[in-house]
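The letters A, B, C, D, E and F name the chains in turn, as written, and every chain counts its residues from 1.
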């Protein structure tokens, strides 16, 4: 585990000794021609920058994205932000045994809690085919589902982000089925749980969201639509089952429009609603995280994923 | 009041005697050159078509959109649909005293219930400026707000549609503020209540949604943004009050994007959420009303307001 | 079989006696209120219109799209076009035994010839995984593949259209791999053969191109991408085989852009080329069929599928 | 006042002593890690760059955008452009008493002349309601209207730009009403005068075009539409006056299309014409200022506001 | 010449005897199967409809678009509009000698006046190359230029519309060069005069705006750009003359953007201005003609060419 | 000629002595304020970077884009790429006599071969007018046509690129006319040969693809359409010849859509096909050149001209 206090709590003049994760390592060259690395280091509480001057080829090969390092450094203020001034760095044996996940931000709700809420939802499903398909997926990806982030950079880009996004959407879905009682609950909740599971194949790992070959060539939506059918076959659900088609449709259409990456447009009301719930949670998470860094009475930094808008944080 | 049974319950071979509202009257000419009127007649239970043959210029002037008529007619089946075959029609004194509203479809919730939910929401608002502005609007349009439809043709196009749409949106808003606790409740609920009040100026009356001069030249959004400022001034709320700006912004931005008729894009999180809640309720109401007329296992008629999609009604 | 001469060869004043297929049956009503059917009747040589006056409800139920009828009628000219004036119509036992396919337009190349060209192409493939997947599909849909049309209305909308479109595309693909030798031949030819096979699930039957439930909810592209994976599994091709991903990608991206219905954009050069070859053959077939009906020196009717353009047929 | 000669007239090797305005101050860091400020300094004749090396935190806080400074510096040529090499800088008492406006570029026509042309136009208006509303606005913003720029960066971005843009548009409007006599002169001229007054609320001040809170949340168009109504009420013009609606419409629609920031599309001919006149003057001013810096026979720098086009300056 | 009074002045119950032009002739069929022609007949004052019942094939061949007919008919009112009830129709020798132009609407300014204004503008040009090219075009198309309409259906769709549109644009151009003195007058005025001359090749004739083969295949813009070069060569203006390129550029870019049919975007300020002047005159003419048919206080019919907007005609 | 081995074959530690072409020369300034030049130097085998430190104004004037230089320099590795470290540079008399063309990349097919294939195609044309026009162009631009590149940066951006692109397109065209026999061969092949000849006027020279004045103001498409007419006139082909119009149409429409720079949309089938053939060859050349630099199993750099896609290079 990272230092108990966490990098976020250090102040100008402090000395840091402990472990941090390399989130990114970018090569640069001084005007004098010397190579250096700009490292972004993190633990679960936050990020800090550090320059690693006069690096060798070997250093560049060692200190890469995803490695945990052991480190001694001074904390300085530079242009209004804190940074580390390196004294010592190495990849100790202790560091090698640590898990990158432990140095990353996590969802604000525990895995157990997320798991319980998913399980209970599945348990209460009435339709046998839907329930068994959804359960089968959660069993198949029992580890990954509760560790992966929901997106690479924009929303829910943290450990357990996928499950946290899913559970938040389930809560919205449940309040909406109370308001719109004609909705098929099983279908809607199953759509919520399944819609982004394909990201487990799209990202390289829970801590590295670089896209895989199939993430690029196929995309999480067609991968998942195909896997729904495969799982149904394994469960001996009949070939032309309406449930299987509907679940595939929920997955295929949840981005809403072709130009937003949807393979189909929603053609059942549950699919239309799924798309809107997904939208709400993605946007509210993105804006919320940005406003946390904004002072009341001011406009935030521009948010690329939201048409580059700056959001205002009211004083009231 | 229309016949207690309601036009929807008549069958082929019945005779209708009673009152109906002219919802539309369209002139036609037979291939023999004779003028006639195609009337769409309604009561609160539904619509029926009737031809009025050999009309005079006087008839055309009398039997217009919005009039209640007294009528005797046979109910016939023609190309799979029922229609009336006219025997007698006149605008009796009894008809003149009736209210068009009573012959139109109504929201499935009573005015009292809608009113109570609105009032309670306002009563619980913490911010004085916001509460007094919203209350002032509900008092000012105490009659209209609970009678107007929310749209001319697409969603909530029935008596009390505006208040019903508003109350449904409030329910969604309340469940979402429980999920996203950083939301400013007063601001969001006030935005929900105020967002469409300008339609009272945009439509000619609760039973005639033809656009007024100002409905066309100004539109309900700028009309309402202007009126929020006017009301704030009457209530002696200070000129540069953040609350007034925020409420105006909620109204101005609730259509989301300029190309969807929004005068601003949402720049506070409550405005972004208001837009999405409005979207959900408008779409769910539109799809829901269409699926009511669709058989399970089939695709609905195309819905123009939803990119001309046909929605599927599952068998499960 | 339809009359050996074929409906296209009848002239004003002739009498037709024989069998025709009902391609479409549309209900109408005379100004006097009498119901009738406008029938579009065809054999393999062409179409002709016929009115069926004073139809009963029973007639409407019997004489539907896809039925073969036995018929006696006069051939008349009306507004510059020939039409049939009905004398007798019935669905005889002889008619019931006939196949709708025999009364529809066919590809200008025989099934045998198409089959040989496909088989030879598969035989010459070097890559085992690709060859066995493609062969498996052709065996699985051995009948359908050589009977289905390639589209409902626009291009290759005739019996064997799918196979004819595929073979023409193969010919183009082969000439282009000679010009661009870096192309992977197996991959490109496999993409050509597989790209539209999903239409077999999208259309109700070879003679009825109404979309099925899954044709609407899933679409031929995701259906096929999923089936490629399923077939690969049955053939015990390893799970992460690059070949399977590449073939799925060819299918998913062959419409080029999301707004043209593509689930992915092409990301390998063979996929980009497949899209362009598909485009060439679809457009040339559409324009060619329109120009056949256009006089030299004049502009054709507008072609909806080609941005509503009128094409000019040169005199030279 | 700035040095009588003006910064534009200095040459390589000269020494500057006097006052200049800081138009922008940007922090930088040398490769050796030392902070510095890049200052853009101006008087009414033009701009010049100067580096302020080795700045303290206090310097960064003092030397900000909008301050007038007293300064001694050498004029040097660097990469083909002149720049100042600082010897001494301070914010003297004399500097503090100077007005930023005096160090900025001004419209090429005097305030008096602009004022006279506006007054005469208002004096000649026939319609009482229109004349009194327009006069009321000019009295209310008598100072600001003749000092503010018309835009932040693109066109008429100089002192009195708003009034100069307005008067130029009035001249165009007057020549067009001679050509199109059906135009309502009062309405068109009133639209010209009022259309951009809301920018007084949108910009922080005449010399600082940063957007205000309401400039962002509401925008100059809805602000102004609302204020037209408020002024009409103060003048006791009747509530449903057509004149008030028409003036509001002129303001709301003058950007032409929603995607260009218009709250309404123009629905009266005077509004359509207002939009086109605004366009002409904005574009001609933008191109004209760019061509001033371009040599004959060459293409100008790219103009972002005009679709990034480079304009050619002919030799003839 | 058409009847001195003009068709516009006839009333219900009158009898018309005289000559009219067939503006359009559309075939129809009665519900009884009888062919008829719907004729739109005109003289210079306006249009009227007439049915020609029971036509023969010969009639259909004779009574076509562009023919002048001699006619006796009653004037009746039908559905609020006047129409003619035919008694006698024939193409008399007198009719054959008449010119279709005389039966069409004309520009409100005489040819002589238009010609003088064009000539004077050319006479005052300073640049020899520009003046001689423009003069050469006006001489080459001395008849056509003063007879052709400027468009087929939208704006200035009347005899002399091209010259009238040109002269109105010249008036605007002259008032704008007074306001923007940096404009090159010769270039701008030449651009105005030449910009639409290619329509003489695009339309079949002054009275028949059906597009020619080259009107379709090439379009008036490339045709004209090519002809400018040809004329310059005939005048022995040197090959790389800047004037010729600039004039070609004015023609090529006058539609502003590619999606509006422009072969280039404007890259000189005179071209940008030409586009905007063309726009003003086209739109003002279109709106003006529509508002002539609209009552004050009402909204006009929708104008397709202006994004389907309905324009309001104020009461003031 | 450049060094026989070619710059591509040098390794770290080698010394280069010989001639190279300056492909681009960009001024920079060190953080110490010293001016330098970043040179991109090339021969026919490839490019290499070199810094030229402490340059004088005279050096900047001498060492410009397009010059051949004589040079002695060490080959070093820097950040994974080779670069030259300058020892001596001068523009020797030997260098002045060399041709820039010889230091640039060339088409992979010889000029003679390209010329033969063009000539044979022209020789086989049946239509006299088409053959004589095309031959006339090849004679007129006999040198340029076989030297110019086909584009500035994207596809076929090398010596003889224009002819190579043309010949490759001819091969595709010939294989397609075998598949679609209704195509007019002469028209299609003529369109292929003529379509990009206007680029000879658009680019400054074969080795400098900066756009000329007319390249910007007119563009290669209208320039060429105009020249086709001019050549036809010189050959005394009759004025309204369909052939001339068709050839002009081929040129005007070969970019397909207005938003892609097309002056017309294709309205003959040969023009539609020409556009698609052009597209295929431009895209295949662009992707092919990018994949040459990509390792199997990886994704390429993003290709701006192809919607910024990264292409995958399969392992199979």
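Here is the rule we use: a contact is a pair of C-beta atoms (placed from the backbone, for glycine too) under 8 Å apart; a residue touches a chain by one contact, two chains touch by 3 or more.
Small disclaimer: the values here were computed from a predicted structure and weren't measured.
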Neighbouring chains common to subunit A and subunit B, by label: C, D
Reference interface A-B: repeating pair among C-E, C-F or B-C with over half of contacts shared: C-F
Homomeric contact subunit C-subunit F: same or different residue positions, threshold half: same
Between D-E and D-F, the pair joined by more C-beta contacts: D-E
Between subunit F and subunit E, distance of the C-alpha-averaged centres to the nearest whole Å: 45
Mean-CA-position distance for subunit E and subunit A (Å): 62
Multi-chain contact residues (two or more partners), subunit B: 31, 213, 216-217, 242, 246, 267-268, 299, 310, 312
Chain contact topology (line, ring, star, complete or other): other
Contacting chain pairs - touch in the sense defined above: A-B, A-C, A-D, A-F, B-C, B-D, B-E, C-E, C-F, D-E, D-F, E-F
Of subunit F, residues touching subunit E in the complex: 213-214, 216-219, 221-222, 225-226, 229-230, 233, 242, 245-246, 248-249, 252, 258-259, 261, 263-264, 267-268
Subunit F-facing residues of subunit D, complex: 30-31, 78-79, 299, 310, 312
Complex contacts: residues of subunit C adjacent to subunit B: 27, 29, 31, 33, 35, 213, 216-217
Subunit C-touching residues of subunit F, taken from the complex the two chains share: 127, 168, 171-172, 175-176, 178-180, 182, 184, 187, 242-243, 246, 265-269, 272-273, 276, 279-280, 283-284, 287-288, 291, 299, 306-307, 309-316
